[in-house]
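For clarity, chains are labelled A, B and C in written order, and residue numbers in each chain start from 1.
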Amino acid sequence: MTNKIITLTTDFETRDGYVGAMKGRILSICPKAQIHDLTHDIPPQDLLAAKVALQRSLREFNKPAVHIAVIDPGVGSSRKALAAETEAGFLVGPDNGIFSGVLEEFPPNRIFQLHEEGPCWKKHSSFDGLHLFSPVGAYLAQGGGIEEIGHPLDEWLRLDQEKAQPSPSGWMGKVLGFDRFGNALTNLPGRQAGPGARLKIRDRVLKGVAHFEEAKSLEPAAFLQNSDGMLEICVWQGSALEKLKLQSGDEVMLVEDPEPRISPAATKA
Amino acid sequence: MTNKIITLTTDFETRDGYVGAMKGRILSICPKAQIHDLTHDIPPQDLLAAKVALQRSLREFNKPAVHIAVIDPGVGSSRKALAAETEAGFLVGPDNGIFSGVLEEFPPNRIFQLHEEGPCWKKHSSFDGLHLFSPVGAYLAQGGGIEEIGHPLDEWLRLDQEKAQPSPSGWMGKVLGFDRFGNALTNLPGRQAGPGARLKIRDRVLKGVAHFEEAKSLEPAAFLQNSDGMLEICVWQGSALEKLKLQSGDEVMLVEDPEPRISPAATKA
Amino acid sequence: MTNKIITLTTDFETRDGYVGAMKGRILSICPKAQIHDLTHDIPPQDLLAAKVALQRSLREFNKPAVHIAVIDPGVGSSRKALAAETEAGFLVGPDNGIFSGVLEEFPPNRIFQLHEEGPCWKKHSSFDGLHLFSPVGAYLAQGGGIEEIGHPLDEWLRLDQEKAQPSPSGWMGKVLGFDRFGNALTNLPGRQAGPGARLKIRDRVLKGVAHFEEAKSLEPAAFLQNSDGMLEICVWQGSALEKLKLQSGDEVMLVEDPEPRISPAATKA
């Protein structure tokens, strides 16, 4: 028997009991569900943060896991609800772009707009997480056919983040946000950073490092390629966010070493 | 084989390792337990918040789930410890009112005061969560008989929240608290709100909406019926708590539309 | 079939999706894993806090649970990675002292330095939690032989906390930190506190209590023996941290009752 893996991603936090209610609803339909919390701490209604966290997490999963995500400011309105079958598992949630990163990386085999009512679910005015998405997810985990739960969807909402652009002086990008350590995530792809590259931000010129500890001797900060393949700005045992007083949207530029050394090896920070 | 579902609800947060210890204790007694975190973020020692979150979550569960809850300022004192069998599952925790909402909604088939010591548990001076409630919950999940673990309890502590009252000018109620989005939960039952109802709070008169997005054009806020059937005050993509500078205990009044329109349909916000 | 219990302890919080990625990686290798979050809220890079939380939690577990812990400021550097077999289960994580409390309490049957690359893992420059520790943990949970994954390790890093010391006037110790309630944990062993003992901190002299509720009538605070057997300073329904304006590192002294009463019984606070 395959495990019935269901993951949950919300911006509800847990203290109000809404996540607990979703777990109860899922287990009452699919008692053998293995529920895994991905996070309930997405910043309130932050669709972009949800998109990034979902893509980062879901790419590690396989079919037939079921992924329920509820960051849903449009609940109760005419926004659509979707279910998709991908190689990373089934996706269930609002059609508001939070899944668009996963769907770009794992184009759906099949994708459906959910019926507003089904054998064990019904669209709700304020809590589709409980009344629609949890039961639909549990139904899929139980082996229910995805073609029964809605009608084919041609198009889904995409949430795009600004991409870094080449310019005569280097790659121009932005700070997209900060992780819990205060590392600043940028939209600069790591593959653009040659061995002598420098990252400019707010009149600072930062050197690249291979890992965090190498940033120990670099003032005020450094940059490295993170596990998503993107460049991020880091401070050894500290927060780049606080130390450099950064903000989301700050401009960054990736340039070649402004003071090239004799040997390429010597330019390694 | 039925799944051995155990849920945990505490005000411990997780960082200190106390919740981890409870999980270890449970699994060492009942290795097949499926432990589900409901929340560990109940505000410290906030019995009312625990009562609300437990009722909201547990009503979605069925027997034979076991629900352990430890919000327990009286640990080590003479406060009783209880275990109850209800249609929402077994309840295990201190007799301090946190389960009283669930017990009102699901009157117990059987309810017991726990023995201070049993085959695998013993009352503790500062951490009954580990030494008493976790092992008792694991024992019940293993199929242990509830009648073995204590003696019948006649009465249990009830925690009552003030109820809304009718008055000549409308229903008078209060703000009970705020969810993580800053929505203000009131004790006004949704069924009292006719189609032209208005909610008065701090000299503001708010209109009702069917869902959050409808509040987009309503300044400064609106109200809707939440999934518990109660009225809550909301701000589109914002926090009613912050925008209206509300506090727990603020008075609210539900009144008929002060400026009635010609047709009832037209009064829908 | 034994349950395949895997626990996770990190300082990642959950919102960024890194913990979700670890769960996906584990489940893609060991689909029957029962993953239990111990905590993801260890303060950033706080090795001592991790050591304490791990020891408090893991002592409640048994073999063959697998415990993955990733508080890892040295990721990508030359710090070693380890796997150990103990009576509390397998330990997998960086060799930076976070497991040293558990290893002192449960000396390892076998302990290995992980190979940098294996059948399903590979050391990474910034996220060994995903690329090294999760797959190694999943491999062990699947029943993989620990002797295959590395070479024997003779010595591991120990993180020592200052111990309380006897002095002519009493036991001298320190405040080690605070739990989520604001109770101040000290390094004074509870067994040193006789029935008439007093705890001195910042010109305050505190009495001992048997449980929290007994502290009700004691101004400004009291102390008790916690479930780890250590003394902690508490305030009834409040925070010792805030009320006494304490800090980690504050000196504490355990003394005999400065004003002894006639009978020992009467000295009980």
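Definition applied: contacts are C-beta pairs under 8 Å (C-beta built on N, C-alpha and C of every residue); 3 or more make two chains touch, one makes a residue touch a chain.
Note that this is a predicted model, so its numbers are computed, not measured.
Asks: Going by the touch rule set out above, what shape does the chain contact graph take here: line, ring, star, complete or other?
Replies: complete
Asks: Mind checking the rotation angle between the two copies, chain A and chain C? C-alpha superposition, nearest 5 degrees is fine.
Replies: In short, 120 degrees.
Asks: Just curious, how far off is chain B from chain A if you go by their C-alpha centres, in Å?
Replies: The answer is 30 Å.
Asks: Touching two or more other chains, which residues of chain A qualify?
Replies: Where chain A meets two or more other chains at a single residue, that happens at 34, 37.
Asks: Where on chain B is chain C touching in the complex?
Replies: Answer in residue numbers: 11-25, 27-28, 31-32, 34-35, 37, 44-45, 73-77, 79, 124-127, 130-131.
Asks: Okay, in this complex, where on chain A does chain C touch?
Replies: 2-3, 5, 7, 9, 34, 36-43, 49, 52-62, 65, 179-181, 210-214, 224-227, 237, 239
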